[in-house]
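To start, I am sharing the structure in question, which I have written as structure tokens.
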Amino acid sequence: MREKLVAVIGAGVCDAVVATAAERVGASLAEANFGIVCGGLGGVMEAACRGAKGAGGWTVGILPGARASDANGWVDIAIPTGLGEARNAIVVRAAAGVIAVGGEYGTLAEIAFALKFRLPVVGLDTWQLQRRGADDAGILRATDPVMAVKLLLDAISKIDELPQSN
Amino acid sequence: MREKLVAVIGAGVCDAVVATAAERVGASLAEANFGIVCGGLGGVMEAACRGAKGAGGWTVGILPGARASDANGWVDIAIPTGLGEARNAIVVRAAAGVIAVGGEYGTLAEIAFALKFRLPVVGLDTWQLQRRGADDAGILRATDPVMAVKLLLDAISKIDELPQSN
Amino acid sequence: MREKLVAVIGAGVCDAVVATAAERVGASLAEANFGIVCGGLGGVMEAACRGAKGAGGWTVGILPGARASDANGWVDIAIPTGLGEARNAIVVRAAAGVIAVGGEYGTLAEIAFALKFRLPVVGLDTWQLQRRGADDAGILRATDPVMAVKLLLDAISKIDELPQSN
Amino acid sequence: MREKLVAVIGAGVCDAVVATAAERVGASLAEANFGIVCGGLGGVMEAACRGAKGAGGWTVGILPGARASDANGWVDIAIPTGLGEARNAIVVRAAAGVIAVGGEYGTLAEIAFALKFRLPVVGLDTWQLQRRGADDAGILRATDPVMAVKLLLDAISKIDELPQSN
């Protein structure tokens, strides 16, 4: 059975508030029967995986380096790409949608790819984007982890209802 | 728990004899509690996934294109990379070892990467490599699917016993 | 002699005002003896290459597809990667610095990678980035093409003066 | 003007006999007005670049790492990809044809990709490939550097004469 994945993206180092949010996101996605795909390292990635595993879910880590042992301890399936930062494109391609929790420049690249690929993107305390002085409407904004997951799953289900899904 | 993966590689189109061998390889790996990673398409890849699923196993497809829907029907976790043939490097990096069943030039590239990365490689009716008139010793040769899996798992277990595994 | 490259990034389709700016950027970089590296396609990429060639410069196109013939007519050296959007990471890695002219989500990914790689980035009517309500200071802002090139070359020369350049 | 590139591939460490052959290949290609594309590192890559530069040619290095400074001293245009070994696919995609001089497993991966992409491949003391006991006819065999370049340029010119070149 083809499994459904959501990407949880964010920085490899983060404070406890952000980690708690990411862990809640991971747990909520697992409860909704989605797998987690992420960059496989620490910070937000690790917290989301830990949350998913605690809720009976499962996790995929698409790593920048060449060693599976780089993955955090809650990654079930480690894919060491050896591609460096170019692996960010793959993290989002593998997902039906993306939740960004906080984040630095790597997260920004993943948000950009996700929007380019027309995937739903939900942001929780993450980057805001403006062009010519106006906010870009691409990122759906959530104010807490449960709302983030709800917004994303609603957006994914709307796409699945289209005559020709991607 | 970190899952262990073996890559099964081979052509995207193959005859029934090769497909039967690949299916047996997939089933034997599943029985040994290994997941299958492959290129996610048809032929040998599809047969190996079908064999694994029939034996209660699970499968990962690292796809060259950008759409999860390109994956064959026995892929559980589809990773559409959008990288084209460069994804061959990732298929083998994700694995603890590689079994090649038949195969064309794409398979040859994967064998080469696996040998470069010092992974055990078992060949079943696949490419033979010579340098300066002498056979390259890199590929372990099997004459049937059960022997192929046994040879590979023996080679993997020897690596795992090393003081510092790769 | 190792050639120095600057990346000019922007959308594959753009209006005449943006194209004129990109062409001026390309010409100014060529006059300063920098080669242009870009994504190799139309819009801002084509305009920058045309500007560079008109000023006696030279150009490299790092293409997403697999065919050199996808490159615009002012690309001297076409590198068809077959990597899809993941090639954006390579466009910026190849450069000593980046000038963004306008731009859509692909440009945003390139800006993000450039900032991640600690390359100087100059923006001309491009994305604005905010985190937690504050502007991100990563992008140097220019108001015209000549200023954009001057800002970037100043930033590059400061990096080159460091004891250990990257 | 779109420049034409030939890939010269081989090991990053090689003996003096192989290096001399690679240098001659590079020089002959430069005399025929082809640029050299290679993996940008030492051994055969460096020798081919040195030969090309000595004959007034020019060179591109598609590097596995993230730093242009990894390139050998005869690379004019360094493209640090950060992709690791996956960059091998790009080295051959960028070329109209490939000459392999000696070579290890990385070279074998490049030969495989080149044959997969239907590029002409000439081998000089390089891998021999067999399937089901028969030699694979994919690699054109040369016995010296001048013959290698002649064979390749003949093969390229035949492709260019096709109604629809690739």
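For clarity, chains are labelled A, B, C and D in written order, and residue numbers in each chain start from 1.
Keep this in mind: a contact is a pair of C-beta atoms (placed from the backbone, for glycine too) under 8 Å apart; a residue touches a chain by one contact, two chains touch by 3 or more.
Everything quoted here is computed from the prediction, not taken from an experiment.
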Homomeric contact subunit B-subunit C: same or different residue positions, threshold half: same
Chain pair showing more contacts of the two, A-D and A-B: A-B
Gap in Å, rounded to a whole number, between the CA centres of subunit B and subunit A: 28
Averaged-CA centre spacing for the pair subunit D and subunit A, given as whole angstrom: 40
Shared interface positions of subunit A, touching two or more other chains: 66, 81-86, 89-90, 117
Parts of subunit D lying in touch with subunit A, wherever the complex brings them together: 66, 81-86
Residue numbers on subunit A that touch subunit C, as the complex places them: 83-90, 104-106, 108-109, 111-113, 115-117, 125-133, 138
Interface residues, subunit B side, partner subunit A - complex: 1-3, 5, 35, 60, 62, 66-68, 71, 75-83, 89-90, 93-94, 117, 166
